[in-house]
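Per-chain residue numbering starts at 1, and chain names A, B and C are given in the order in which the chains are listed.
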Amino acid sequence: MDRALRTRLERRFGERLTGPVRQRHDETEIRITAADVTEVVRSLHDEPELDFRLLADLCGVDTGDRMQVVYHLWSATTVDWLRVVADGLDRESPRVPSATFLWKGAEWMEREAYDMFGIVFEGNRDLRRIYMPDDYASFPLRKDFHLADDSSRSPGLGVRPMEETLAPADATPATLLRRSGAERA
Amino acid sequence: MTTDARTPNPHAALDDPSVLIEDVVRESIVEAVPIGRTERQAEFYTLRDGEMLLNMGPQHPSTHGVLRVVLKIDGERVVDIDPVIGYLHRGVEKLCENADYHQAICYTDPLEYVSSLFCEWAPVMAFEKLLDVEVPRRAEYIRVLSTELNRVASHALTMGWFALDLGGLTPVLYSFIERDEIMEMLTALTGQKLLFNYMRIGGVNGDLNHEFMSRLGDWMSRAARHIESNQGLLNENEILVRRARGLGILDPETALRMAVTGPNLRASGVPFDVRRAHPYSVFPELDFDIPTRQEGDCLARYLLRIDEIKQSLRIIDRCLHQLPDGPVMARLPRLVRPRPGRAFAAVEGPRGMYAAYVISDGTDQPFRMRIHDPSFVHLQLVGLMTPGNLVADTMAIMASLDPVMGGVDK
Amino acid sequence: MSVVGASWQRMSLTGRILAIAVPILVAVAVLGLLGVVLAGPIVAAFLGDNVPLVRFAAAVGGILVLTIPTAFIVIYMELKVIARMNLRIGPDRVGPFGTAMSVVHGLKFVGKEDFTPTGVDVQVFTMAPVVVFLATVMTMVVIPFAPGLFGLDLNIGVLYLFAISGLTVVGLLMGGWASFNKYSLLGGLRAAAQMVSYEIPLTLSVVGVVLLAGTMSLNQIVLGQSGSFVDWYIWKQPLAFLIFFIAGTAEANRSPFDFSEADQEIVAGFATEYSGMRFGFFFFAEYVNVFVMSALIVTFFVGGWTAPIAWPWPVDLSAVDPLGLGVGLLLLIAIGPVVGTIVCAVPFWLASRFSTLQALVLGFVVFNVLAILAVMGWAFISFDWVVGLAWFFAKTYAFIFVFVWMRGSFPRVRIDQLMGLAWKWLLPAALLNIFVTASAVLILNR
């Protein structure tokens, strides 16, 4: 629990944080909005007094009423892990800027978040499914995922199997539902 | 198959007996270009004159598990590479959401099955943070002891496999002698042969027993000598050195940009080890070094793992000397309900930093169990290091990065 | 229904088989007898006039028959020796100490389904294994196995040898191309490039030996090394020996140069689409090639069938004449084994761990072994071709052991390093060797 880190973060990002800096055991957590991700992450990476140069993890979270993207970072300047939660993503159309401009290794982690939740990372050059087959019709780790008949009841429904899917920028749940409705009308 | 008026059957075409299966299948086959049009894919699947796509499919004598690698080659030279994973995806994260905290430990074992004690340790540490459980010191020492043994076993396997991928048939069997003995030890300790299921929230499942200690004592008395003699077969071998030296060089800046951890990072000169950078368990009390190498090529990664085995032997020795008495597990109820919150815990596995991020919503099942696996991240390095080398070097590079597909695919 | 039809109906299965087979056999026997009686003398006269032709046919037949057991032995050696190096046991169930394993492998290949994949060029696909196998076997015609035991003493033996072994490349390319498979294509091209590159140092290194022996006939080359081991060409041509050994390993596609069959990378290389006996031909051809390479090393550098040192004492067995015993010989044959068995059984029986029957059985086995050794010893002393054959095989199998040893120990060399070795190191070394040898021969013979 690094109090000094908390002070530094509040001083640097004050108004961008959507909540207080929470600390427990050896973790410090800050919450930001999706729009601020690029700025905040770049500052955390580049500034020498923060120096969070190691990306430990990048994942998506579905809290039931909204989606989040969670980054875990490590810096040699502090004993804590820093958790950056990009909160408030719309469940139907979650979009967040990609971190691949800083860490190329985030490319696959973002692909996994897309594959499991449908979160679209703008700026990721290779945003396609990584675990599920290319023509899979749903996003498995969502809280409203139903595993039946290859997810035919799932909100991700609308993509007919074995045919060309949409470009990833459009393949969000809402678009898919709209499309499927239009086709069946 | 149930049908519902709300959600029409997307497979209707296939159910219609008048539609021939060949027609449906023919419509869906697109030659050599998969479904999906990302930028990177468009770049990859555009073949210039003389280039050829070679598919090293999921079934292959050499990929480390079910990994599919699509190579774009120009003669013998690899121009581009696209690893395709997901053949071993078991949905562990989703399964853990439907299990309670004690059961979730069993799901995490088979992720990196080669070093499964580490796969249990990170989630268990995260659970302990959520529950604010104090782990007895003896349990911590036993955890370190058993995981360092697992690290030696895992590195022995890696080194054998590296030689096998380069064509040497013998070293893998020599390495497996070490691995076999350690597995016998851990079987005596945990009761399982590969997926140990030994860590519990608040400690370990059972104290050290006589058979384990006698096997361990036996092995420790010869381990160092055995490892030296095994390495004598390979380290100075001209053919191996010429093939591995200067291959797949990873410089420290790129390594950090690719979020690499573990021996792959340390072989490039960055001395980052979770046991020292963010100490956990009783590692602050143990005396060991972090070996680092500067060259960053396949040979450096190979030699670094040998150095790490020697350091692990030191740690095991220290643990045996410093082992305190006491209980081996904290008392916890059968159904645990942690406070709502989030916890992140990372351990230094044989392949890199293995981490777990757990979100609890106050019930007896985890709300979100996220596993961060180092092999997953390291497989991206293949796309970076292979282009420009020969087809044969693909295997050498992959073997030196040491991915385990169970962890990659979760 | 006719009588025949009715009786056919009533016959059992055995009866039906006999009713068909017996008349056919009788007819064949009668015709055969007629043929022998009428044409026999003509054929015998023809053969008598062309003894060299007969001899050649017999030699070729012998060589063809010899290749299969040779391949079996080499495969067994590979399995067992590499197993022991790997601290394993290897096959030990399938025959005594697993010796029948190779035979079982052969039977397995014969028993597999013979298919041709879609899209292959059928004629080329079918002929590729044949070409590879024949190219390897045909080289054995000129190798001298013992004094007087060779297929043909060509006076351009060396030239013939390397010309024929070049056909292997054609066979590999045929296999790789016709298979309609990217892996096979890659494997075939790699193999062809490797073999063509290494043929040059291989051939050039032998030129030194040819200069020393003054002839291209392999039989003459071996005779030129007769005497004792100091006459072997390995002492006079050490560099050539080394080059030949390395290039021979690459020619035979053996580790560390087994790039074309690197199953870590391209499954089985040019042989990916082959199964059953087609693959069996490739497989056997490879092992016969190992034997041929070892035999060539032995012939050119290690003295062929000559013994390292001559038997120091003259042995004269003319005093022992078994036929002179007459009836005594018959009695010896009748009583000898019985007496020998009992004599060999007595120590076992006295050891009192065995029952009488077990002791007798063990005695019988021991007596047989001793008798066979005695006969072999007699043959060794009496016939010079037995001596030559024994030494030839001993030396050849020593080199085969070295090949197998290398396979168990070394990782694989990469293709560009392999090519670099051939063109940048072996070829200049071979040329240097020729230059030095030629100069030495000129200067010393003046």
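Note that in this section a contact is a pair of C-beta atoms (placed from the backbone, for glycine too) under 8 Å apart; a residue touches a chain by one contact, two chains touch by 3 or more.
Worth saying up front: this structure is predicted, and the values here are computed from it rather than measured.
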Touch-based graph of the chains, sorted into line, ring, star, complete or other: line
Identity of the most central chain, Cα criterion: B
Chain B-chain C separation of Cα centroids, rounded to whole Å: 48
Rounded Å distance, chain A centre to chain B centre (Cα mean): 23
Rounded Å distance, chain A centre to chain C centre (Cα mean): 67
Chain B-touching residues of chain C, taken from the complex the two chains share: 82, 85-88, 182-183, 186, 190, 255-256, 258-259, 262-267, 407-417
Footprint of chain B on chain A - complex, ascending: 24-27, 29, 53-57, 59, 61-62, 70, 72, 74, 76, 79, 81, 83, 102-109, 112, 116, 125-135, 137, 140-141, 145, 148-149, 152-153, 157, 160-165, 167-168, 184
Touching residues on chain B, where the partner in the complex is chain A: 1-2, 4, 7-11, 24-25, 27-28, 30, 34-41, 85-86, 89, 91, 93-94, 129, 256-261, 272, 277-278, 341-344, 346, 353, 355, 357, 359, 368, 370, 372, 376-377, 379-380, 384, 409-410
Chain C-facing residues of chain B, complex: 52, 54, 60-62, 76, 163-170, 173-174, 177, 233, 237, 239-240, 242-243, 390-395
